[in-house]
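Please go over the structures that come below.
Look at the two complexes coming up: chain A is in both, with chain B in one and chain C in the other.
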Partner chain A sequence: MTYRISRRNLVKGAAAAGLAMPFINLRTAAAQDGPITIGIVTPLSGPVQLIGNFVRQGAEIGVAHINANGGINGRQLALEFRDSKANPNDASVAARELIGSGVNLQLGTISSAVALAMGPLLESEGGVVLTSGAGTEKLNHENYNAHVFRVGDSPVSRNAGLVRHIVQSRPEIRKWGGIIPDHEYGRTTWKIFDAAMRKIVPELTGEEAQIADPILVPYGSGDYRNYITQAMRLDVEGIYTSVYGGDAVTLYQQAKPFGLFDKIDVLLDSANEFLVATAMKDQTPAHWSGFHWYYEANKGNPLSDELYAQYVERTGNKYPMGWAAEAHAGIMAYAGAIAKAGSTETGDVIAALKGLEFDSATGKRRIRAEDNQAVKNAELAFIEPSASAPDGFAVTDYVSLDGEKVIEPATPGQPLDTTIL
Partner chain B sequence: MVDIGLTVFNGLAWGMATFLVAAGLTLIFGILHILNFAHGGFFMIGAYVAYSVMLAFGGTMPLWLYLVAAIAAGIAVGGMGWGVDKLILRRLRHVEDAYSLIATYALLLVCVGAVQLVWGLNYLSVMPPPALNSVVFLGDMFMPTYTIFIIACGILAFIGLEIFISHTEMGRLIRVVAADPWMAKLLGLNVRRIYLVTVVFSFALAGLAGGLLMANQSLSPELGGIFLLQAFGVVIVGGMGSIRGAFIAAILLGMIESFGTYFVPQYPGIFFLVALAVILLIKPEGIMGKEQTA
Partner chain C sequence: MIDYRRRMRANLAIAVIGLVLFAVFPLVANSGLVFLAGLVAVNIVFGLSWNLLFSGVGLLSFGHAMFFAGGAYAMAVVSLRLPDLPFAGGLLLGAMTGGIIALVFGYIALRRASGVYFAVLTLAFSELVHIVITKTTFLGRNDGLVGIPRPVINLGVASIDLTSALAYYYFIIVAMAVVAFALWSFQNSPAGRLIQAIRQDPVRTAFLGTDVRSWQLTAFVLSGTIAAFCGAVMVPFAQIASPEIAYWTVSTEPILFTLLGGAGHFWGPAVGAILFGAIDYATRALYGLSEITVGMLLLGVVLLMPGGLLGFLLSRRTAARRLTGSGKRVPMANAEKAT
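On to the complex of A and B.
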């Protein structure tokens, strides 16, 4: 069968193509000059919506900052939000849908399970994601994927930082116990704490650390009394915990009448920042908490001051959580990488992110090219009840530790080896 | 010996806190044969209402005011039960169970959304009133007074419900309707009204439990789900619809959970689920069985 093209049809086709060309060119030009859209896939509903709200605010404040300063290579930034529900399936659907609509640069992952699911997906779909605080060590070790970057704390720098500071400031405390949530992240934090204590205590004091077996507690329980009773039986001077959020508030609330906090000298909380203190107020037990970002420790840093001021103005909440700073840092990292690459193509941005140094609310951060892990300061603050403070608690001490000194060596593709901490 | 005593004490606390939540759940199932997924949501609203009452009185309250706040929560949630019966449950009485489950689950989501809108997402914490914020020593064994209070509330709730169901006019009518609503209607009983009373009473129990337990754990929109699984377990093991069964099951499961954690601490929180499975394998109809319902 042969097709014949009449002269009339040829002329019609040429005319149509000629009419369409300017629009095709316009559209391409618009895509190159128009806003760069970054997808935020984060929990906007469900049990961890509270954290997703911090991510949203941090990302929006970051974008407003970049746009107010002229954008990136003359282009403005825009955000496109999707609800991950902190669930790998929902997050995968949202990430794939965003990539399908041309949004290949994403951030906002806070859950370890979601972050681990994103690697293979984004690799096959051609996207990249910056996590805003996912805590699993597997991200930059055995599950390393070139398409996933962690611009915030590694669990090692956070927990080893806590240990180093406590051993330096309270060298007399050598008997430790732990109350650990019975899930992967909880066990990881304990593994790091245990290894860091066993290394740092002899290093700084010449004595051995005595560490009891950790007390494992279930996730999402309304009753921790049995575990508190176990903790009361321990012969320890300090307790480390990575129980998080509402579980931590319940645990502390139920432990208080048992006198657990009167029995120990130090309570070391890996990550709750102000979650416990804003709930318990003057009943808050005195404790050290790890922070993604503590604004007082970064006073004078224009990015931190602006983030804090903007956050308080938008929400009325004086105690922003560090998740906001991690999303904010994600925007800063993308801005730096796109400017460096001169492109928003996935491969170019990945290449630019590797080794990137950028400013953030916690100061300079550097993304290691080997394992896509940022090196940033580890921050911690001492929170204690205060009758004179308007909210019933106050931060009476804080430190910001040099990230280079507390992060583990990069070993992408290999499980975390705690003997090299 | 002290350890065993504390393990028993903690098991009782677990059991009675769970029974306080489960009592309304089993009552409504016994009479209306509806498995009310929204029960946890109304328990949560009860806790938040009591919290608001507490804030209205300045934040720290004596024991009598704590009890008033809990009762106010019970009344408020009971009133919501009236609305829920009129709008939803009445329409579910003659449909398949699957529709009831979906409808009450949707209602649970509405409760969570309402709490987020009214009270926000932040975690909240309430400490027990000063009279309950101390410790009682029994030899070397220390027992927080608030935990003793929870155990006492659970036992009193059980006794009160037993008296209500077995020894009052309304209790007898409820039992008649539970046994045979068709015959009760033929005898001239206002079955719809008795259903309404049951729903309101059941919801009020959820609200009261929320108020009494508001100082037991953190308050957040997740609270509705925290006790729901335990309460369902207690209702199922006790024998669906049996208050006496739920009480026994709450103590039994509390002890299994507590001793399990004591002897095998490497597997926290698993013993409740294992016990649930084993008991149902041995006695699928539950401890009190069907013939004993309400």
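On to the complex of A and C.
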């Protein structure tokens, strides 16, 4: 019998092949010995691009480190970047698009709103995300989702640690106020600061803390003068602020001529690291800032030294910020989990990340299996203006607090109980 | 004499062909691309709803995001807080939210302003909606509402499960094709032609006994309702409603779609939305470049093709027909400019 290719058969064949296309996953079949791609969805344009750039550099340095040391089980790591524009909509589109093209392991989320949105999305699409900078306590409490891990510090260990250190070093300061951004991250930090102050001050001094209502400022505002005037009227000795990024620089610059920083004894900044200091130089008000990673506090740790040297070499910037180290830690965590699981499948990687111990630029970290929260040390540094320093400011004191001592107990699915801080 | 039946058949064919193309897309594309295609389908109708105002009644709205966000948030709230309400109820509430916002703001804006003042007022109202969303705890403030479930539609004897992204994608494209064709039908109905007469000459149309402001308000409410419906349909797909969808940048999107595709053609915004989606996808790994590419393209289109891409293609076709001596009318009946 002869077989002839008729037009009709050709059309049928093409239609059958077309219908079968979605079920033939060529990528998975071919990908077993190719590079393992990790998706980075982070702000790479717009006002928060600054932070996204740190994430990008940190992840790239982390991948170069892993690949230079033989990769993971013989496979190299590769990165695929997408711009989240710091916007949950764009981030969710990018995350879905990456998963659709087979990139199920992702990191780079720095916004709390985006991190909260990722849980249900990744659960339904089948992916994992490691967040580094997202500071909402809901992530490992009431909105806990098995597909989202925080490899950076929890807001409790950061802020309660900051409070404990300040109360110990300046026990005479009892009257506190706050300038807080009016969104998820800001409200979280204030809730923890307020609860920690009210508990720790009486514990250490025997007297009550006096805490004024916080001044809530809008996100992305170019004019903070009304709020600064409001702050000038407060009868306080210390101010806590969690305004961050470009907003913080604007706020600090506008507050300077009002004399707000001369009026108070202590300025406590939850997260800006060198951001304000590099912008204001010798005009920087003296302040304590929380750090994801302060390289001087980690000198001697080969991962930290390498990250710092590489960062300075790549960018010429001597003040890398902690977001770089958190993205770097994300890469280390994935490397550890993939090696442990021997697989890149979502379920296997989640199982391997839970309880994982891995090395990072801030030393050993452990991811709690119960709530996907990393336990790492909380770092803070005192930055003040200095006429002799080449950049107009200098770090004159720093501390690194043991993560196991400052982190809250794991209560996934439950709201954070501030009475236990 | 214009053959309206033929015109209707041609445009119905366009809607059906568009639907078929979107329907076969998942066979050749991965789930990420299918998700983007779903958003493009929503954007097509969002653009068409804006152009109903611009090329229909001659009103320039700079605040269409308020309707889109109104519908999206209404749907999100209903899905999260009233899970027992049928899905169609959520869609209806979503669309009505846009209609009510349009009725309130349109009533004020149309009484007091026209032309550029009207455009600025819509922008101001839209910002107001954005601010209200970011300050309302019930609506999730700056963080939005997340984890919005996709529905299972219960029809009594059977149920349609739309919980997977692919199933919901098919729902979106069918819904959008139906709405797009309904919108075309409205614009080509006696009422649609009346509002076009208002755009061409409001004074003369008023002189003929038409209550111009009521018709303008009707078009504004209809446009707002459709934009809100788009938002309500989009939310279970993206599973998130965040304040960014009420931001002014979203209001510029239907304007971009329309200018790219061609304001003088009913399907112009559809062509623009597809082109915009394609550029967005092609430049996804070139961060920051998508805005520059869209900007450059828009500049090119505005300078070189004032009628938009569709206008340019159709005029080329007409010119070619004339050259070959074919006296046949352009079969895409809608090619006749609506302007």
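As a convention for this text, the second predicted complex is superposed on the first by the 391 of 421 C-alpha atoms of A that agree within 3 Å, B and C clash if a C-alpha of one lies under 4 Å from a C-alpha of the other, contacts with A are read in each partner's own complex, and residues count from 1 in each chain.
One rule holds for everything that comes next: a residue touches a chain if its C-beta (ideal position, glycine included) is under 8 Å from a C-beta of that chain, and two chains touch if they have at least 3 such contacts.
Please read these numbers as outputs of a predicted model, since none were measured by experiment.
S.K.: Chain B versus chain C on the shared chain A, clash or fit?
M.R.: Chain B/chain C on chain A - fit side by side.
S.K.: After the superposition on A, what does A:53 contact: first (chain B), second (chain C), both or neither?
M.R.: In the superposition, A:53 contacts chain B only.
S.K.: Please indicate which partner A:398 is in contact with in the superposed arrangement: first for chain B, second for chain C, both, or neither.
M.R.: Touch partners of A:398: none, neither chain B nor chain C.
S.K.: Have a look at where A:261 lands relative to chain B and chain C in the superposition and call it first, second, both or neither.
M.R.: The answer is neither, since A:261 touches no partner chain.
S.K.: Please compute the chain B to chain A to chain C angle from C-alpha centroids in the superposed arrangement, rounded to the nearest 10 degrees.
M.R.: 50
S.K.: After the superposition on A, what does A:182 contact: first (chain B), second (chain C), both or neither?
M.R.: A:182: touches chain B and chain C.
S.K.: So, does A:382 touch the first partner chain B, the second partner chain C, both, or neither?
M.R.: In the superposed model, A:382 contacts neither chain B nor chain C.
S.K.: Check the residue A:124 against both partner chains and state whether it touches chain B (first), chain C (second), both, or neither.
M.R.: second
S.K.: After the two structures are laid over each other on chain A, how near do the C-alpha atoms of chain B and chain C get, in Å?
M.R.: Nearest C-alpha atoms of the two chains are 5 Å apart.
S.K.: Please report the chain A residues shared by its interface with chain B and its interface with chain C.
M.R.: 49, 182, 219.
S.K.: For chain C, which residues count as touching chain A in their complex?
M.R.: 24, 26-28, 30-36, 39, 135, 141-144, 146-147, 165, 238-240, 242, 244-245, 281, 284-285, 287-288, 291
S.K.: What residues of chain A sit close enough to touch chain C in their complex?
M.R.: 18-19, 21-22, 44-45, 49, 80-83, 87-90, 92-94, 96-102, 112-113, 116-117, 119-121, 124-125, 182-184, 219
S.K.: Once bound in the complex, which stretches of chain A touch chain B?
M.R.: 47, 49-50, 53, 182, 215-223, 225-227, 229-230, 233, 245-247, 249-250, 253-254, 256-259, 275-276, 278-281, 283
S.K.: What part of chain B is in contact with chain A in the complex they form?
M.R.: 3, 6-7, 10, 13-14, 17, 116, 121-125, 127-128, 133-135, 142, 144-147, 215-218, 220-223, 225-227, 230, 257-258, 261-262, 265-269
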